[in-house]
Every structure is written in structure tokens, then in C-alpha cells.
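Next come two complexes built around subunit A: one with subunit B, the other with subunit C.
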Partner chain A sequence: MSAGGGVLPAGGDHAASGALDPFAAHRSRRPARFLSALNPIAKLAAPLPVMVLVMFSRGIAVPLAFVVFAAAVLLVGARLPGRAVAALLLGTPVAALVLGVTFGVWIDPSSVTGEPAASVTLVSIGDWSFSLAAYLVGLATALRILAILLLSLIAGVTSTGPEFVRSMVQNLRVPYRLGYTALAALRFVPRFGHELEIIRAAHRVRGTDAGRGPVAAVRRALGYAVPLLASAIRHAERVALAMDARAFGAHPTRTERYRSPWRARDTVFVACFLAASAVIAWLTWGR
Partner chain B sequence: MPHPPLLELDRVSIRHEGARSATPIDVSFTVARGEVVLILGPSGCGKSTLTLALDGLIPHAVPATLDGTVLVAGLDTSEHPVGALSEHVAMVFQDPDAQIVTGTVLDEVCFAPENQLVAASEVLERAERALKLVGLWSRRAENPDTLSGGGRQRLAIACALAMAAPVLVLDEPTANLDPAGIDEVYAVLRELASDRDHAVVLVEHNLDAAVDIVDRVIVLDADGRLVIDGPARETLRERADELAALGVWLPVSTLAAMRLRDAGVVLDPLPLTPAELGAALDAVPVLPAPLSASSPVRSTALSPRPAVHSPTSPHAAPAAAVSRRLGQGVIEADPVIRARGLSVQRGGRRGPTVVEGVDPARCDARDRARRIGFVFQNPEHQFIAPSVAEELAQSLRVQGTPDAEAEPQIDAMLRRFGLESLREQHPFLLSGGQKRRLSVGTALIAGAPVLALDEPTFGQDRARASELLDMLRTLNDEGTTVLVVTHDLQLVADYASHIAAMHDGRLLAVGPAAEVLAGPLVEQAGLRHPPLARATRGLVRHPSWHGVSRMSQLPVSSAAGS
Partner chain C sequence: MHTASSEASTPSVTAKSRNLRWRVVDIVVASVIGVATGLLFLFWNNVGYAWFSAADALTPGLGGVAVGIWLIGGVLGGLIIRKPGAALFVELLAAIVSALIGNQWGIETIYSGLAQGLGAELVFALLAYRRFGLLPAMLAGAAAGAAAWTLELFVSGNLAKSAEFLGLYFATVVISGALLAGLLGWLIVRGLAATGALSRFAAGQDVAQRV
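Now for the complex of A and B:
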């Protein structure tokens, strides 16, 4: 962003893009409940098979049950701020209902003609009609997406990027060079976002914002890509030199100040989570 | 037996892949514990390249060939990996952002010793000591992004200290910082220098900040050969003319004394700091009267009709420099603001901006480009075409100029900026100076009488900065209104006719440069007075010199006649 190549202004302010900050959770840690005490891998490993199961489910019962289950685990296991609790309890049903309409409108009406609910018409405009059956299919799709989202939040809201990396390096033998390089790369995201803003402003000044429609938009995007890539490569090279100079990769292992062991409680959590999921699936599958 | 030297270079030549000649070439010197060594040389002489060789990044991580030997604590760098050499040499680079890897200040400082397999308890001890030394211990839990530029560079120094290496190499550590950040970094470096625990090798173009902490200078010439290796103060004083002839930048106070010497006022020894200059001037019983602030040299610049008005300022601003403290948040909004207009505040407009009779926030790109040309900090950001000529043609196309008329205009602009032979070159393949000239060309070709530049000298060495400033002065003399955003106050003092000082997005003062520089507002804006003004403000014997802040105000010899 500066002459001589890709440097942020001295105040280089990424703070405003806090939503993209993979380290933000470090700053506002709340007193922990049981999810925070678990190994991040346990929190990822337990819901993962359930997510696959939900993906291949049909109907409303299975995803609905897992939406409720995941929300319950989150509410009990994590100390969420008030707004997050409200979003979970109110936002989830509203999102399901609204997304259900959106997906329902998109599906081919002929694919649900056999269903009994196809004869119940909710809205009709001219030739086109929106049947209850179509809405139910849309609703099921919306619920599947929400269930997978909430299941992934079990790991997402209670552990940070560095915790994940540390745990993978220590427990899954992921090479630390890979893990920590990925973390360093995460820092690039807000930086490039900031830089893209400047490039867009610079191009607007040059008058490239003339022209509408997809062709002009693609041309503009390509125009942004060249300077962004040039500066990204330069920045990456500098970061790599700085990491080399600080002995990164000099030894096969590195000192870990935080241990991230797999404890008995992690095994218990995974076992209980999978057992509960199996029961829920057995009760609801095919209904 | 004396300690072996910490660094020992023997006939070192480094050639970057694809480069025709080696820079530096044939350089030999040693550095012992406790020394603070400043490496000087004109731009392109290979100072930064040399620093990369001091911890083995050359030849191990950078594609370049190294001839001769570099011994670090007796280890040959070409035979030992960077990781092993990092036990002995710690680096601090120019860009604070390109050195941060982790998510908190504490993790960042621990990063290097963790890589070195230092025991966890020792890692924390080192981190605490380093962070306390740079004054960041209380902020250890924060994300480094929340620190200021100066704070992040202090963090980079703490990271280097935590490696417990006896040699600290700093490559232009303050080039990307504002004046407050430079002060912060030098406060830390001064403490390190006085401890004498480390050997410090420093590359720095800001000699005004560095001169009172270094005790030895090594000077390379333009080809990268070592020409001077001697004690700092004596070398800078006694061989100042030789250094100036080499294209090395000297402290402003020394340059001022050299100019005075030509006018018949001999200060011996030559002063190196504003304080020394002030004391030396006060020791002279009679000084000639300083030239007026708008000296004859500048008078031609004042002839064009005023072009920029703002509701707060009735003053015309033929060549204004806007100074501003770099406040977080302000910067982020700025480029967009500049793209749209000049005085749009974050969170709402307060009154219209009028440039050449129109509001740039409300007119389209075509009308705007005819009235005001923008040059962004990084010229690459503005390039949109695959060749130099196309880049200029694009600006004319926005104006709807027919191709037949465009051709001669493009040719004229290429000649004016010395780019004729590079017509078909891709803009990204130009040199830094050429890129900057092209970006100014694209901004001016539509005939804009006003040119606005965002920190055009930021992160550049002095040679390239002065090349640009001379170009801007020529444009200004030809009638273009030039508006520069910067925090380099000596630049402001030397080049600007008017100053608008800003702080936290608010305008503190607008007026002729000499008036604003004489008042208290510069400090209120979080800026530092230029070195020359610091020397003359406190003069006891010569009150008529209190307003002297720019080189052109110093008396000149009648023989020079400029």
C-alpha cells in the first residue's frame, strides 16, 4: 500500500474488520463452561459424522431434531453473550421459515406432484402456484443447512484458530510448519480486504467505474486482481523472510507453552454426543 | 585474549538473481560487542541486501549469490542454516506489518524462542523482559493490530530481543512510521545502545534521529564499495563534503551548517543535531539576516490564480501541504474520501468542498479528472492498462478525447516524464521512480490544474523522495496547484507555501507555511517541528532567526547567486 511496495499506512488499521479477525476471541474470554474445557478436536470430531448424516437425510424430522439438539448443547455448554442466545432462540426458527419459502419457490413443482400435500395450494399467481409440498421440501433443505451450521458452531464458538492449530499439531501430528503458516496466512485476510478498498478507490479515480452489467463488473474485478496479487506476493515474501529470521522451521518441533492434551473427558464427550445422536437419528429417521 | 568479533565480513559481494552487477561489492568489516554501527550509502548501493546477508537469509532464503565469507560468531553463514544463525543475529525489518505472525503481543514475542526450542519457562522470562523494555508488557494480551505503527515496530524489536542474540540488525526500522512512532522506536534503541549488551547494525536514512546513538559509520558508494569506515561523529563532521558528494543524506543540521559556511558563517566543528546547531549559532556574535519565508527562489510559485478554496479557509493555496497525525480509523476512510472529494468527514459531510467551481463528491469521474488529479500512495494501485501508453490513453478516453488528438498529448506527456522509451512496457515492470512519474502523468493528462498526492514519500528513501519533490516543484512553478498529504515536516518546511494542519480528522490551522510552523499547532497536531526550526526556535542571541524553518531561508553567499 505504499511506494516501494505493499505496506500499510503507519496506522494500518484492521481493527475495524474485527469480524474477520481470527484471533478476536482471545481478547474477550468469558468464564468457561464445559465446552471450553474440551479439546478442540473433540468438539469437531463429535459433530462431524452427525453433519454427514444430516446432509443425507430427507424430510423435516431429522434436521429439526438435530437443530434442537445442537442448540441445546450450545446453550448448556457455552457461555454465550445475550445477543447470541437471542439469535439462537429467535433467529433460527425465523431463518428456517424464511429460507424454507426461498428454497421452496426454487424447486420444480412437478417433482412433488405425487405428494398428498401437493394439492394444498398456499399462494397462486396466474399459472404458477406454490403448494404446501413444495414448501415442506424447501423447509427441509433450510433445516438441514441450519442443523449443519449449528453443529459446526459447537466447535466454532468455543475455540480460537490458534487453539485448533495447537491441538492438531499436538494430537494429530500435523506438521507445525503447516499449521502455523496457515495461521500467519489468516492475518493476510483483513489486510487484503483493506488494500482492496484502496485499490477500488484508486480505480474509481481513474474512471474505470464507467459501464454497468456483468461484463464491466468482471473487467473491473480483473483490474483489481493484478495490483492486489502483486502486493500480496511481495507481502508474503517479506513475511516468509521475517519468519525464517526468527528460526521458524529450524527444528522438527517447537516449544509449546500451552498443552492441549486429549483427556478422558474428551473421549466421554465424543461418546455421549455420538450416542445421543444415534438415539435421535433412530427415533426420527424416515418420519 | 580479546573476544572474537561477533560479525566478520571478508570481501563480500552479493549479486541478486538477474542483476547485472553485484551490490554491495568487496565489502569487509567486523563488528564487536557493544558497537552501534550505522550503514550509509546512496539508494541502490545494497545496504538492505547487506543486512540480509548478516543472518544467512542470503544465500539461503533469497535468490542471490554471495562471494566472500560472512562469519557470524565464527560460523560461516553459507554453511549453516538461517535457523542456527538466528541464535546469534536477530533482525528487525522495515515494514512492521510484514513481521507479525501470531494473534497476541505475548505470543508474538514468544514465537522465535519457541522455534528455537527454548524451555517454556525461559520463553516467558525472555518475553517479559523484552516487552517491559519496549513498554508493551501491559498490552501483552492484545492483538498486535491494535498497536500503532510505532508500537508494532517496538514489538518487532521486542521479538528480536527475545531471541537473546548478541547482534541486532535493523533495516530502515522507521521508514514506515510517523514522527511519534519514530520517537518511540529511537527511545528504545537509545536504551539498547547505552546498555552495550548488543552489537547493533542499523541501516537508516533518517540521520537526524539516528545520529546521537551510533558510534561508527560504514559508508558504501553508489557501486556498493566500502569507502569509509570510521567513528560516527568525526566522520560525519570531517568528511561531510565527501559524504554529500557520494549522495549520502546528512543530518539537516549539518546540511544547514554547510550552507551557512558557503555564506561565510563558519561553524566548527559542524553540528550534527538541532541542539548543537542552536548552540553553535548562539556562539556566533553576529549573523546575517535570514531570507524571508517566501524567498525569491519561491516567488514564481505564487503567481497562479488560487485554485482551491474551502469554506474554512479564505486563503489561496497554490502549493499546500496538509499535515496530519496518523490516527487509526482516519486512514481507513481516507482513500475513499479522497476519491470522492477533499473534506468529507467520516460519518457525514460538513459543508461542500469546492474545487475549480464544482464539488468533486458530486461530479462524475470525467469532470473530476479535468479539475483534480489524484496520486495514491502506491502508484501500482492506480494502474489499469497493460502498457505505459495505454495507461495515459485511458485517462484521455474517459474525457472522450478522439484518438487523433490523444496521440500527440500522450507523446508530450511521455517526453515530459522521461518515459518515451518505455511506451510499450507494462506499468508493473517499471522502476519505482518511473511508476511514480507515470502515476503523476495519468493524473495530469486530462488537464487538471490541481494535483493531490497521498503521502508520496512514505516508505521511500531520500533520493527517490527528492526526485519526486523536485518534479512537484517544477509542476508547481509551471502553474499546477499541488496538494500533498504528509507528516514529514522538513519536507513541508522546505517545499510548501501553505499548510493545513489536521488532527483526528479536524482542521487545526490553515495558513502560509511560515506562520503555521511558527505557531504551537504543529505540536498540537501530534507532529514534530522540523529539525531546522528546533535549532532556531531557542536562539538567545538572534531573535530574528526564530522563524527560520526552511533551508531556503538561510543566507546564501553572493557568489552562488541563487
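Now for the complex of A and C:
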């Protein structure tokens, strides 16, 4: 997802990209489609009841309808790069068909013997056979998962991590001490990479050799874990000291650089999304 | 031996200055542990998932043995910070980091982090945030595993699979949670305390007092 690249600059180039205002770049880069202009909470809240509905649905019709619906909302509402559009339009059906096989194989055959499609055998190896009914159950499962994935992408592809945190703090009353500290901690990621290089070099300089192969790789990784965490905690204590010195969290409220208001259009989006979902569910339920 | 001593000294420390409100240093350190755990997840998303797939191919459901490392955030957060919500916060943040940087499960990782963190948090809450020895750690890991199993009933479509699969998967996930998350997390916290990095936390002061 493109948000990741903006939030977490890779490696050493974060000094360049964050020179003036690290958020300025992707605020101006996004030309408006309606999803980008909405509050992230609206994009998170509206699909949530639909996801629960899909989770408890049976059969192919309901999840299939919501896969199409979510894909349509994404295509209309978000300006996706060409590759993402291709992945959405081609990858989704392929994923549904392939996942249908992998889920269908593990279906308990006795649970589908009553179905008429159970007599249609697709593949049989020895006395194990893969019936059409099992494939249909697997396909329904795959479609449910894809529907939930696409519904969560509505929020995922059109808002960045900082935007989520801001609206959680401003609209959902998440304590700002937690929200903004977590946001600050996300910026530690490039630092960890640097720290890991130092610890690796230190191990190498001391001639530490765990050997070769996967078991040694796991042991080596565990050997990095404690020094990496210790140095991270020491760094965190310094950051906490600096924040305490600047009276972070001293007051119950704080000023905001960017406002994240809940506007009328957010209410309209949630209402329309839920209304459309209700109509789709009513038309397809039980089919 | 170590369990007994650390469990015995916990009430004396907490009785003296038991403050369940989060200090700024708690928040920052919890965030950093969360991010570091998220990076560990990124590593485990390759190594652990390979193990998971290999074990699952051997016997469906056996893949659960590799799950434990993904549950370690809750144990680490609970054991180090020792405040209400720490286990949930660390595991959730780790899942968010894992999802943001990019993994094979995308945004659904965050739901897993939420469920697994709640599982571990529940154990620490039931013990009233007073017990942080080996046994509570292993219980928290096991509970995180049980919560992960419950969530996957729905989001991974496991509900449709056979009872044998679900039983085997539950057993392996819970055991893996107790060992790879609980025991390993407890060992890591003990190792960290030995370096002196935790001296501003009750977790580090327990070790210091024992000497």
C-alpha cells in the first residue's frame, strides 16, 4: 500500500524526504476523488457492519455481491495506480478461484454429502475425491475472505497512518498521549535497521558464528533480539525524557496542526454505504 | 527457582508504589517494543510462515506450532510495562507495523493483533496486574493463542473445516503460544533486565533487588 512508503521512509533517505514537512508531499500529491476527502473513521466505520454480515453469510451470492460492490467503490472513489487496478480486476477472480481449491480440499466431505453437487466429482485420487459441492463451499469461503479484504481496503488505500492516528485522537477521543507517541514510534523503524547493522557488525567483529542452515538462522535472530530491544528501550527512554522536558502530556487537551473534522459528507457516505449494503444483502441473502 | 523469586518480590514492589497510570516513558517504551516486535513479525512472516506451511502440509492443523512468535508482543508488553492495556497496545502496534510495512495478509493483520492482544491482556487483567512470573507469562501466551484461533474461525474460514483440524490446530496454537510467546518472552524480559535497560521499570527493579 502506498501509504507505507510515505509514512515510513526506507533506509537512510528519510532525512531528505522529511526535510521540511514530511506530511506535505502526500497531502498535495493526492488529487481529489471522493474517498480521499472523507474522514478515515468514516471509511473504517461504514464497511465494518458489512464485514460482520459477510463473515456470517453462507453461499456464494452474498460475498460475491460485496466483492463487486467494494471493488466498484474502490474504482470510483480512489485514484488507484494502473497496477493496482489490474490487480483488483484480474487478481481478485483468480485469487477467488485458486483459494476456492485450497479451502475446498480441507472441507470435511461428509458435511456436503446431502448437496446435489456432491455427486459431481472433479478430481479423485485413490478413494479420496474432490466434489463440486466441496469446491463450492471452498469458493464461498474464499469469496468471504476477499470481500472482507476489499472492504478493508476502502479505508486502507485512501488514508495514511498519520491520518488514521489524527482522526482516532480527534474524533474517537483516543488519548493523544497514546496516539501521537505511537506515531512517533513508527518513525523509529529506520533507526532499528541502522541499530541492527551495528549489532550484526559487533557480532561479526567478535567472531560469533552460529553455523549455517535454518536452525542457526533462528538462533542468530534470537541473539540479535535482546541487544536490539535493549538499545531500543534505551533510545526510547531518551525520547521519553525529551518529551517530558517539553511537557508532552502535561495537559488534558492539546492543539492540532491538522484538523480532522467529521463533516456532513462523512455522515452521508456512511448512510449511503450502509443503505446500498442493506439493499445488496436483501437482494442476495439466501440465494 | 527464578519464577519463585520474581513472583515473591512482585507484591513488595507493587505494594510500595503501585501506579497503574501510564507515565510518558511507559508509552514511549511500549511503542518502541511494539515497533520492534512488528519488525520481528516481518522476519517471522517469512521464516515462521515457511515453518507453518511445512507443518500444515505434513498434517493439517499442525501449522499452529509456528504461531507462537506472532503472539509475543502481548507477553513482552505485559511483562515489561505492567500497566492495564500494555499487552493489547504492544501486540496491536506490532500488528500495525507488520501490516503497514507490508506482509502477505495486509490489513487483516490488525484484526489478528487486536484479538491476540486482548487474549494476553485478559490474563494479566484477571491476575489484577500483580503477577508477572513465568506462569502468568505462559498463560498469557496461551490465551493469546486461543484468541487467535477464535478469530481465525471467522476471518480465515476455519469454521467450515473439520473438528479434527480445529482441535489439533487449537492444541498446537495454545502450546506454541505458551512456549514461543510465554516462555521465550519471559526469557527475553529476563535477559533485558540483566542488561540494565529496564531499570526504570518494575520488571528491571525485581532483578536488581534479587542480587
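Operating definition for what follows: the second predicted complex is superposed on the first by the 210 of 287 C-alpha atoms of A that agree within 3 Å, B and C clash if a C-alpha of one lies under 4 Å from a C-alpha of the other, contacts with A are read in each partner's own complex, and residues count from 1 in each chain.
Here is the rule we use: contacts are C-beta pairs under 8 Å (C-beta built on N, C-alpha and C of every residue); 3 or more make two chains touch, one makes a residue touch a chain.
This one's a predicted model, so the numbers in the text were calculated from it and none came from an experiment.
By the touch criterion stated above, A:F66 is placed in contact with neither subunit B nor subunit C.
Contact with subunit C, but none with subunit B, is seen for A:L149 once the two complexes are overlaid on the shared chain. Contacts of A:F192 after superposition on the shared chain: subunit C is touched, whereas subunit B is not. In the superposition on chain A, contact of A:Y135 is made with neither subunit B nor subunit C. After overlaying the two complexes on the shared chain, residue contacts for A:T255 are found with subunit B alone; subunit C is out of touch.
Contacts of A:T208 after superposition: subunit B is touched, whereas subunit C is not reached.
Touch criterion met: A:I107 reaches subunit C, while subunit B stays clear of it. Residue contacts after overlaying the shared chain place A:I233 against subunit C, while subunit B stays out of touching range. Of the two partner chains placed around the shared chain by superposition, neither subunit B nor subunit C is touched by A:F269.
Where the contact sets of subunit A with subunit B and with subunit C meet, they give residues 1, 3-4, 7-8, 161, 184, 226-227, 230-231, 235, 239-241, 243-244, 248-249. Taken together, the subunit A residues at the contact with subunit B in this complex read 1-16, 21-24, 26-27, 160-162, 180, 183-184, 187, 190-191, 194, 197-199, 201-210, 223, 226-227, 230-231, 235, 238-251, 253-257. The touching residues of subunit B, when paired with subunit A in their complex, are 52, 55, 57, 60-62, 81-84, 86-87, 90-91, 93-95, 97-104, 107, 110-120, 123-124, 141-143, 145-146, 148-150, 159, 163, 176-178, 181, 326-332, 335-336, 338-339, 365-366, 368-369, 374, 376-384, 394-395, 398, 428, 432, 435-436, 442, 455-460, 464.
Residues of subunit C that touch subunit A in their complex: 22-25, 27-29, 31-36, 39-40, 43, 47, 60, 89, 93, 96-97, 100-102, 106-108, 154-157, 160-163, 165, 188, 191-192, 195, 197-198, 200.
For subunit A in complex with subunit C, the touching residues are 1, 3-4, 7-8, 55, 103, 106-108, 111, 137, 141-142, 144-145, 148-149, 152-153, 155-156, 161, 177-178, 181-182, 184-186, 188-189, 192, 214, 217-218, 221, 225-237, 239-241, 243-244, 248-249.
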